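The chains carry the letters A, B, C, D and E, assigned in the order they are written, with residues numbered from 1 in each.
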Amino acid sequence: MMLDAASWDALRLSLLVACTATLVALPIALWVAWLLARGQFRGKALLSALVHLPLVLPPVVTGYLLLIGFGRNGPIGGFLYDVFGITLAFRWTGAVLAAVIMGFPLMVRAMRLAIEAVDPKLEQAAATLGAKPASVFASVTLPLIAPGILAGAVMGFAKAIGEFGATITFVANIPGQTQTLPSAIYSFLQVPGGEGRAIALVLWACVIAITAVALSEWLAQRVAKRIRGIEGDT
Amino acid sequence: MMLDAASWDALRLSLLVACTATLVALPIALWVAWLLARGQFRGKALLSALVHLPLVLPPVVTGYLLLIGFGRNGPIGGFLYDVFGITLAFRWTGAVLAAVIMGFPLMVRAMRLAIEAVDPKLEQAAATLGAKPASVFASVTLPLIAPGILAGAVMGFAKAIGEFGATITFVANIPGQTQTLPSAIYSFLQVPGGEGRAIALVLWACVIAITAVALSEWLAQRVAKRIRGIEGDT
Amino acid sequence: GAVHADTTVFAAASLRGALDEIAALSTTPVTLSYAGSGTIARQVSIGAPADVVILAHPRWMDWLETRGAVLAGSRRNVANNSLVLIGPNGAGPLITPTEIPQRLDQGRLAMGQRDSVPAGIYAQTWLETAGLWDRVIDQLAEVENVRLALALVARGETPLGVVYRSDAQAEPRVDVVYNVPKTAHDPITYPAAAITEDGRAFLTLLSSPEAAAIFENNGFTIPEAPQ
Amino acid sequence: MSLDLNITKRLGAFTLDVGFTAPNGVTAVFGRSGAGKTTLINAVAGLSEPDSGHITLNDTPLFDAAQRINLPAHKRRMGYVFQDARLFPHMDVTQNLRFGLRHAPAGSTGPSLDEVADLLGLTDLLKRRPTDLSGGEKQRVALGRALLSRPKMLLMDEPLAALDGPRKDNILPYLERLKSGAAGLPILYVSHALDEIARLADQLVILSKGKIAASGSIFDVLADPTIVPLVGVRQAGAVLQATVMEHGNDGISTLKTNAGIIELPGVAAPVGTLVRLHVLAQDVILSRTRPTGLSSVNILPVTVKSIRTGDGPGAAISLDAVGDQLLARVTARAVQDLDLSEGVSCFAVIKATSIAATSIGR
Amino acid sequence: MSLDLNITKRLGAFTLDVGFTAPNGVTAVFGRSGAGKTTLINAVAGLSEPDSGHITLNDTPLFDAAQRINLPAHKRRMGYVFQDARLFPHMDVTQNLRFGLRHAPAGSTGPSLDEVADLLGLTDLLKRRPTDLSGGEKQRVALGRALLSRPKMLLMDEPLAALDGPRKDNILPYLERLKSGAAGLPILYVSHALDEIARLADQLVILSKGKIAASGSIFDVLADPTIVPLVGVRQAGAVLQATVMEHGNDGISTLKTNAGIIELPGVAAPVGTLVRLHVLAQDVILSRTRPTGLSSVNILPVTVKSIRTGDGPGAAISLDAVGDQLLARVTARAVQDLDLSEGVSCFAVIKATSIAATSIGR
């Protein structure tokens, strides 16, 4: 599976974008998952629907909405540029944003399910021992939901590797800067006879996926062992 | 948000495809989730990676693979046609297949997390009371993982509503036959001045998403109450 | 082939405006399925239930022809198009393309993907001919279809964009700042072909004067010598 | 019916290595925390596979390492009352109870749901979810659920530990009836409470660190002075058998033992039945002469069989009461003062009310 | 230090409505299954908010419905030993224990992890996960974890129910030391076992169906013949106070009560200390004349204060032992035979070994 330079760039960039997106999205997704799992507030169903929206909308629409909001002339994009000098459109950071948004519903759901499965009695026990809420979260809740966080991270990472529609719409397809694996694959597929190069990249995407998933399965097993102890038969 | 006839058709078709895909995928996803959560077999990580693949690959690639495999001349498509007279490519049933495949990783993950959270001690208790494995599953495991199934169903449904790349590649964009909401939005965006109609459809997609999610939240609350009882404070 | 009650046309998405109007002229029902040219070509090669195929670039039609997927001899160009350089409203016209780098400043030039989207391929040829390719190559914003390039300029995200005249004409938020000479790139043609006998009638309709009027109305031009 | 087993099972650093035969009736398993009681009972239930050995119920092999037999839990039909109740959280109390009933084999007979709910005081709780129950209430539902599954055998892991005295007093007679009913349900009963054991059990297995420290008929094991350190001095005591002779107007019943008459309050058993009296070693007072003028009228002539002085200041004295066995725990000083030694005849004074009603079993 | 509370809390059809003041020391809460003990203790811990009333610890309001005060659980510093152990499944035993220690306020003093592990017999289990522990082992870890959090007050919900006799005998003296140590840790102690309560508690609250049925000093409440039906006839018994006079060579100690000398084996307390003797009503034998020739040498002159005949055949007799109180349970027939009535003087015979070592508290 030899790759030409452009393909290598796309591969490298995809990995960078996916890793960054996963790391950036994790804490936010965790927070939203917490709100949805434990919060009691009006508009919870609405927040939940909002989180699901990137699943429901065609990716191009999401990309277009990102462009409107985060483009240099968009309200948020303009603000970010004027105040922090940050540009997202046509940058790899924009690809990260697209990946974060598109992977968000997957991450939130996995974490939410995990949080909902935590027995609040354990958290209460920690509180009676003097642990402050933040400490309860860090030392009891967080380790117990580790499998869910891991699952969310894998899903988010996988989605980030595969994201295409929103990314190309928001940050275009600039080789070396915003051309991710799927953009490259897509371009190859648009030319008659480009299948060969597309297949090489698809195989690479598979390799990444298999590696990430295998790694996560291995980690999950360790985490499960940590939580449940050496599986006794009882 | 008045819609023209073509938009109505797309909306109706999308709902049909999403509902069918969700129903079809549920049992299979449940089975795979069970295998991944409880099974002890070689190649588990590989199966898991395979399930994640539709997330990692650009949807267009998935669509092409479907076209190659399930087209009338493809190995599976040919078999299905010769033996059962079933055609998937360029039919709404093909859109269902695409939605099933694309939503599969989401459904499996939600259910898997739920299954992993079930306390095997309860299943053991059911067994000592004389319940056969199938009965244990139906009367203990299944109700306990209902929140995960529900979550998986919502995710799958949402994804099915939003799926575009694989669908248009596999079944094309034939109004009234295979043109789903996202395909219709795509088509509208190609016409100068078509944004208005596209926006109307996007809003409809949002309405569907909000309705489905709100419904699922309401159901989830009922299910949670069923499982945990009237929330005592302890 | 099978007798269809109606004619199914697989067409490049960028033709949508004009084709919808032309289909309305047909006495028999016409169903139009729009997608990218590459997607359509592959679908047709694999047995899509299409009677007519219309693409945005000759390459994919060549590909189809070599596979024998279209009726021999049915191929014809139904419309031509030309490239324009656009800027947001109020952007003044360019005298020569050499002003492009200046006009871009730090901004980007929006266009179709150079190696896959037809408009991008034509744009690259033009920029190369004009000796500008190397100067703009690092400032491109390549997108997956021309409509997006149009949107980028319309929203002011990029100061310039290369699109089809037919697209530019429909978007009030952009102004044409330069007309790309037709000689600067391969002719922009929209080849059509019949896949089934049922499709021939629609091909004929496409070449009719009524259709020609609609094409022109939508910013396309008509091939001088319709085959 | 009888359960025969001989198994080993390793769990980390702990090894269970036990073998015994439990004939029909109640076999109590007694042992300190961590002795291996739950491990044993799990193996019988089919929830954990032993490393070696066999388990046979009525000549049907449930497990046999050599023959690679390991009947799955749902085919063993063991009614297991878990140490932690393990109620189904998604079912209310009725549904939990009915779960047992639903999976009982067709045609099996036994108490109805209403009867069980009534016995266990669950009638007001039937629509509640497990989360809305108190600790003891959960345990009672678990007990009811196991009873309603119409098992071939009952496995009970400290089923009454979370229950209050009066509630235990309600449930124990029911368990007694179960074991002696027509079905003759064998019961494996794990408990820390020797009074429950003395009342219910026919057979007693004492576990210590995964091994059997003593096992045999309840009468023999409990009268054995060497088990006093294993069961704790306060719980040690032998079991007498007596026949109900008469119920007095004042509620005092007269019972006949081999060694003589005993008068007790609160005996519910009809005249003529054989009952069981658990006499704690510490409740037996010894006297060389027959004492007079005591509120305690139960004075039995006994012979000292053996005297076991332990590390502490007390002495365990095994007594023969005309064939029955008694255990007395007196101070070493009293042994001296009363000049007790093997073969000496003396009198055992037993307070009528210290053999409480709950200690009487058929 | 003292806990003062007066709260109501509705849970479905159940209503808890209690008010009492618990001065320093151990306040036992006794009641049948479902009486509301866990509900009460949860309110004190801050895990459930009462509907009305107030809870005050040392004049600091923990909860006050009127003033809308509800201190969160982690600020209350209550060491809560739950009825279900609630160990953290992702931590091993050491980490569970250390969790308490880690959140103890800086500068607080108390037993070290090693000391607690040693006391509770956990040293061999330190690297184990909760899933690999037996029921009793889990409960011990939970107890240790609460102790190590250096709480202002201990809340214990049947902490010893899953433990065997010898293990209880190890832990109870430790709890006694805690309550009487320099810190004077107040303890709210829920239990079904009246012997534990009699040994530990200074104050006793008896709950029945969410209401207080009796409350006050342990001496008064336990000597009250009217509570016999509430606590069950087998557990009823008063508490005597005695001073250790002398430890004999044979292990028998001489203790002085107001009414006279009592000789007991196994008293560990040094000479001069005040100890507590729980004398079960059923272990007291009455005689009109001073008996002779008994192995039981503990004979106290007493006066009958009141006689309460219940529904059953027994009678509860409250006795005055020169200022101390005793409770005897004899048969109604014995009341007649001995011609007992209020004010009558007689002798109470108490078996030395029936006041077991574990029943002795400071």
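The rule is short, and it goes like this: a contact is a pair of C-beta atoms (placed from the backbone, for glycine too) under 8 Å apart; a residue touches a chain by one contact, two chains touch by 3 or more.
Quick caveat, the model's predicted, so the values are computed rather than measured.
At the interface between chain A and chain B, over half of the residue numbers involved are used by both copies, so each side presents largely the same positions. Seen from the C-alpha centroid of chain B, the farthest chain centroid is that of E.
Note on chain placement: the centre of chain A and the centre of chain B lie 19 Å apart, centres being C-alpha means.
Once the centre of each chain is set as its mean CA position, chain C and chain E turn out to be 90 Å apart. Taking each chain's centre as the average of its CA atoms, chain A and chain D sit 59 Å apart. Centres computed as Cα averages put chain B at a distance of 35 Å from chain C.
Counting partner chains per residue, chain E shows two or more touched chains at residues 11-12, 38, 47, 84, 128, 132. Residue positions of chain A touching 2 or more other chains: 121, 124, 186, 189, 230, 232, 234.
On the side of chain A, the complex with chain B involves touching residues 44-46, 48-49, 52-61, 105-106, 109-110, 112-114, 116-117, 121, 124, 147-148, 151, 154-155, 158-159, 161-162, 164-165, 181-182, 185-186, 189, 198, 202, 205-206, 208-210, 213-214, 217-218, 224, 234. Across the complex, chain B is touched by residues 8, 10, 13-14, 16-17, 20, 31-35, 39-40, 42-43, 46-49, 145, 147, 167, 169-171 of chain C. Every residue of chain A that touches chain E in the complex is listed here, in rising order: 121-122, 124-133, 135-136, 139-140, 143-144, 226-230, 232. Taken together, the chain C residues at the contact with chain A in this complex read 36-38, 41, 59-60, 62-63, 108, 110, 113, 115-117, 140-144, 148, 151-152, 155-157.
The residues of chain D lying in touch with chain B in their complex are 45-47, 72-74, 76-80, 82, 84, 86, 88-90, 99-100, 103-105, 128-132, 145-146, 149, 151, 155.
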